[in-house]
Amino acid sequence: MKRLLALGAVVLTTAALAWAGAESTSAPKTGVAAKPVITKAVKGEQCVEDTEYMRRNHMDVLDHHRDKTVIEGVRTKKHSLKECINCHASETTGSVAKGKDDFCVSCHSYAAVKIDCFECHSTKPQASMAMHPMNAESAHYAHKMATQTNDKVSAEDMAGIAQ
Amino acid sequence: MSEDKSIENTPSSPERRRFVGLAASAAGLSLAPGIMLMEVAHGRPEEQAASSAVRWGMLVDATKCGTGCNDCVSACSTENGWTPVAESQHKNQAPQWIRKLELQDPLTQFETNLPMMCQHCADAPCVDVCPTGASFKRADGIVLVNRHTCIGCRYCMMACPYKARSLVHEPLNDTQKADVPRGMGCVESCTLCVQKIDRGDGTTACVEACTASGHNALLFGDMNDPESEISKRLRELPTKQVRADLNLNLGVRYHGI
Amino acid sequence: MASITFREVEGSSLKYWLLFGGLGLFVLFGALAWNYMHHHGHVVTGMDNQIVWGLPHVFAVFLIVAASGALNVASIASVFNQKMYKPLAPLSAVLALALMLGGLLVLVLDLGRSDRLIVAMTHFNFKSMFTWNVFLYSGFFGLVGIYLWTMLDRSVAPYSKAAGTAAFIWRLILTTGTGSLFGFLIARELYGTSMLAPMFIIMSFAYGLAVYLMVLAAAYAWTGRALGDAVMLRLKGLLAVFVAAVLYFTVVYHLTSLYFAKMEGVEAFILRDGGIITTLFWVGQIIIGCVLPLLILLTALGKQRTWIMVACALIILGGMAQMYVTIIGAQAFPLDMFPGLIEKSSFADGQVHSYAPSVPEFFLGLGGVAIALLATTFGVKVLRLLPATLDDATVAKLEH
């Protein structure tokens, strides 16, 4: 019996060896991993679900929606990856996964969870904002982006007052 | 004169339609989330699944297809974001969702040409052979690859009698269109511009381009609706299915071959 | 009935570790080749949108087919109760498992998304021959594993015959499945026939036994154990019958195809105009794989150990050529979408497709072979698979 187990171990080890070929992982080199940078969404006030809920369950939400979309052709905006990208694309890289601090990548590399989405999906919104036909809407967001820093300061001030 | 006419006949430019579509959805959304007040022409409500009451199909009139004209191929490449084969570094490995086929009868010297792409079989061999079920037929007759479950085994490419499928051989480096996910290691083919159909455009990029070029060799529509333009034309014109001997019940029908 | 002593190979000599290290090196090369292909995509291989299955599939399918055939010796012992084969059975089972492992690894590492193996294990389309093969391969590991257990552990020995029979039936179905992988394709002229299933079974008998004989002879020669002529001559006779059957099936298959007018083009391609494919067919598959081995095995040459080994090597090479012709040849011939018309396009329609395997593909395939041999080499060290002696006197006692 022991010998059979040993054989099993051999078979598994050799299989593992073949698989183990250095998959290019970009593990952080430093001893302590830096905390993820969570940038506030550029567009919109509130996510389609509570932030806490999304942090834990976004993968299930996306999974469910992707099957509805691909197989049934239901392309509702809520829970669609495209809309996530539209809101969360970084202002500097224009993407959710290009730079190391971009919305998706930042947390995923901290948690060391591989994202498979962007093997196929674009990481950027459909078109650049300036070219967007809904220029009224995008102008609104541009305005919001400009005033965001002020909002943040005042919110912190208020928190200070409350304390 | 004819040029003017063809421009007028073009349903409307893609940009304009996209603007109208977005404006409509924006209006609907801003009035009351979840309730659409305006519906885009031909489209089903966005929360409604594709239905088997519809069968999307295409009629190719090879007698009208322009020799040397490649507009349908370019339009497909632009809409779906695949690199045109002429610009590709690796021509044999470059994906081609649609291609122009030149045919010649060696005996009579008769020449014809036509676009060849996924024929959207009702009994698709690629769907039968796919080990994971990634290759599937949507309720409205469109044969698609679910890239979430495609493992790149290429068995569907072995099975397809039309050589309609391509494997993405190299990294795409985030050049994909937001509406058309594509990725290295997965198999892909013509989707009948499913993103446009779901948007309610009621046509495909190749058909738009063919109409715009003035050839009018392509017609797209619902083959299940007896009143649709395509159904009417299919009733009048003698058409053939490519490799009809395989009895696959194709969604693309050819006239003049 | 005389009992047979099984003993592990000591495996402490320099020669053993050199063999082990050499094989390990090829496994490493295979892993590096996979990493390279996986990182850059299939663009670095010779495969394209015309030849979609290349050299890795040639290696993989050969190994899987040979795996099923390597179980032959064990089946003859337990299912058909031939006592002389009993001592040969454990090695047969281990070799079958090892070859299957090597073949499957090559197959899955050549996937466009080999990182998604878990998807293949959790999503099934039961209309697909591929899905059935996933179950057939897993079942093969299970059943042959149990069978091996009944051979090695005396406490479960009574179940050996039942386990052996189950494994035997299973691997017949398995090779049918592998053959049908091609047989169930309507698009390619050379496939789409149920003939491929029985043909693959008989090929598996020949290839598997050839591999088995070489491994057996090598193991006994390198460990200095006695291997009598009785065993070798008996097995080589069987091998000759299998090779003759392969030749027979090949002839019938092509004669049938030649009779149908619609197959004339593709048959002319394989048999006459196919360049490298035609050469591989006539020189590789027919002469090296069938004619020469038959000449050796059926004449006085077949009485010499060295010549039997040469015949085995030729059968294996011929088998690789056969897989190449079957897999690559069928894809190289263009699909005939418009019979009778000349087709031209940017997508190589109407043209014969050429294929030049790249180095990583070759090493990926060799890596599979190396894994199979490495597992076997390790197996004979840790398990009591090989009888301490197989000299003629010991074997003769078994028969009475």
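Letters A, B and C mark the chains as written, and numbering starts fresh at 1 in each.
Operating definition for what follows: a contact is a pair of C-beta atoms (placed from the backbone, for glycine too) under 8 Å apart; a residue touches a chain by one contact, two chains touch by 3 or more.
Remember, predicted model here, so these are calculated numbers, not experimental data.
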Furthest chain, CA centroid comparison against subunit B: C
Selected pair, greater C-beta contact count between A-B and B-C: B-C
Geometric centre distance via CA averages, subunit C-subunit A, whole Å: 46
Geometric centre distance via CA averages, subunit C-subunit B, whole Å: 42
Chain centre separation (subunit A, subunit B; CA means) in Å: 31
Sites on subunit B at which at least two other chains make contact: 184-186
Residues on subunit B engaged by subunit A in the complex (per definition of touch): 15, 18-19, 22-23, 26, 29, 46-50, 136, 138-140, 144, 146-148, 174-179, 181-186, 194, 197-199
Residues of subunit A defined as touching subunit B within the complex: 66-68, 70-77, 82, 85, 95, 98, 118-126, 133-134, 137
Residue ranges of subunit B touching subunit C (in the complex, touch as defined): 85-86, 90-96, 99-106, 116, 125, 127-134, 149-155, 157-163, 165-171, 184-187, 242-243, 246, 257
Residues of subunit C that touch subunit B when the two form their complex: 40-43, 47-50, 52-53, 111-114, 116-117, 119-120, 123-125, 127-131, 134, 184-188, 331, 335, 337-338, 340-349
